[in-house]
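Labels run A, B, C and D following the written order; every chain starts at residue 1.
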Amino acid sequence: MIRLVTETFDPGAELNAFSAGRTVTGAVASFLGLARGDPSQPAALELEAYPGFTESQIAALIETAIDRFGLQDARVIHRIGPIPPGDPIVLVLTASPHRREAFEACDFLMDYLKSRAPFWKKEHGADGERWVEPTKRDLSDIQRWDAPSS
Amino acid sequence: MIRLVTETFDPGAELNAFSAGRTVTGAVASFLGLARGDPSQPAALELEAYPGFTESQIAALIETAIDRFGLQDARVIHRIGPIPPGDPIVLVLTASPHRREAFEACDFLMDYLKSRAPFWKKEHGADGERWVEPTKRDLSDIQRWDAPSS
Amino acid sequence: MLLFGRLRDVAGWRERVFEPVPARLSALKAMIRSADPALADALEGPGVQAAVDKVLARGDAALHPGAEVAFLPPMSGG
Amino acid sequence: MLLFGRLRDVAGWRERVFEPVPARLSALKAMIRSADPALADALEGPGVQAAVDKVLARGDAALHPGAEVAFLPPMSGG
């Protein structure tokens, strides 16, 4: 499940809702990305999505992760629009019977979200605004998952 | 910070408290372990700790993780005593400027908690009770972190 | 036609309707080049992808009347 | 002296006071062997560690009067 939100969201409530009633799960991994920035500024960054396309791309990615890692469930909540410093940007949740798969799937989903999901990010810094593109580290992170496993 | 609790705890509230006001963090990874078991049974498992010793061992482990992965913070909440199916057993939280270190530190802490932290676990199954010791997979997971990095 | 991220800043607009819709993506790009060479250059930049009706386009996709074409610069979420 | 996990089930008790405290861990184990050979065997089992005053003991640690000795079978948390 993927949800794009234009207002802040409650990561703890999302974690609890995702974990509730799971008597066969065992492992829930999560990643929470927070907006870094000067707390005196109204926005640390601004995220743009392509409504409809962004959700369908991420929904397909979640299906890939569920199949690849044998997950029971996965969820992505992603903020769009202007985001104040300290606010949650993204929350990825994965559930599986064993912790290794839950961790790896969460890591995989974040790497894809960082460099291949349809978002465009503008950072608001002291010296103005700039569009952010994936870093070299983001690109090498994502390549870990492309390597043939055979 | 390590906390042992004898009653259930609220993972979402812990995640929110850990994440609050972090304008320089960027990345919070978490792992939540849930008790698997038959929902009609009063307890899925029972965990014993050695009060004082268990906390000091885990506190030292958290310090190791903070140094090794350059974390800003880390927290472990661990349930002890009888635990009903579906209840949280352990929550590990890590905060760092980049996601890779947050994920790896969370993974590292869980591997240690599974096989080297002073807990003794008794599972309540359909065929009675049994003490659980680390699985082969737990032992190979922990060895990943022992390999010399040079 | 929709522009995202820095492409919008290059063009100075986000959404524009082309009537009639050119038959192929290459024809649309040629029209853009004659109107705004800087934007046309940006569309050829590294990592820029096109989507037609919210599906990523490979190669010189055909366009139908009413097609929604979007140009997507390198993506960065999270 | 404290026993944890399955060692407690082997012994049938969790906590016992030895007076006077033997001078070394090896002497304590010898006392246990004469009283409960099955427990003594379990203490020599794979992965069993000893802690003295809540610090893991390496080798044949010395014990002082009032020392808290704990025997810890293989651990499994989370």
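Things worth noting here:
Here is the rule we use: a residue touches a chain if its C-beta (ideal position, glycine included) is under 8 Å from a C-beta of that chain, and two chains touch if they have at least 3 such contacts.
Because the structure is predicted, anything quoted here is derived from the model rather than measured.
Summarising the inter-chain layout, the chain whose CA centre lies farthest from the centre of chain B is C. Once the centre of each chain is set as its mean CA position, chain A and chain C turn out to be 26 Å apart.
Mean C-alpha positions place chain A and chain D at a centre distance of 48 Å.
A straight line joining the Cα centres of chain A and chain B is 22 Å long.
Touching two or more other chains at once are residues 33, 99, 110, 114 of chain A.
Within chain D, the positions touching two or more other chains are listed as 78. This structure has the following touching chain pairs: A-B, A-C, B-D.
For chain A in complex with chain B, the residues that touch the partner chain are 10-16, 19-39, 44, 85-86, 88, 97-100, 102-103, 106-107, 110, 114, 137, 141. Note for the complex: chain A touches chain C at residues 33, 47-48, 50, 52-53, 56, 78, 89-90, 110, 113-122, 131-134, 138.
Partner chain A is touched in their complex by these residues of chain C: 2, 4-6, 9, 47, 51, 54, 70, 72-78.
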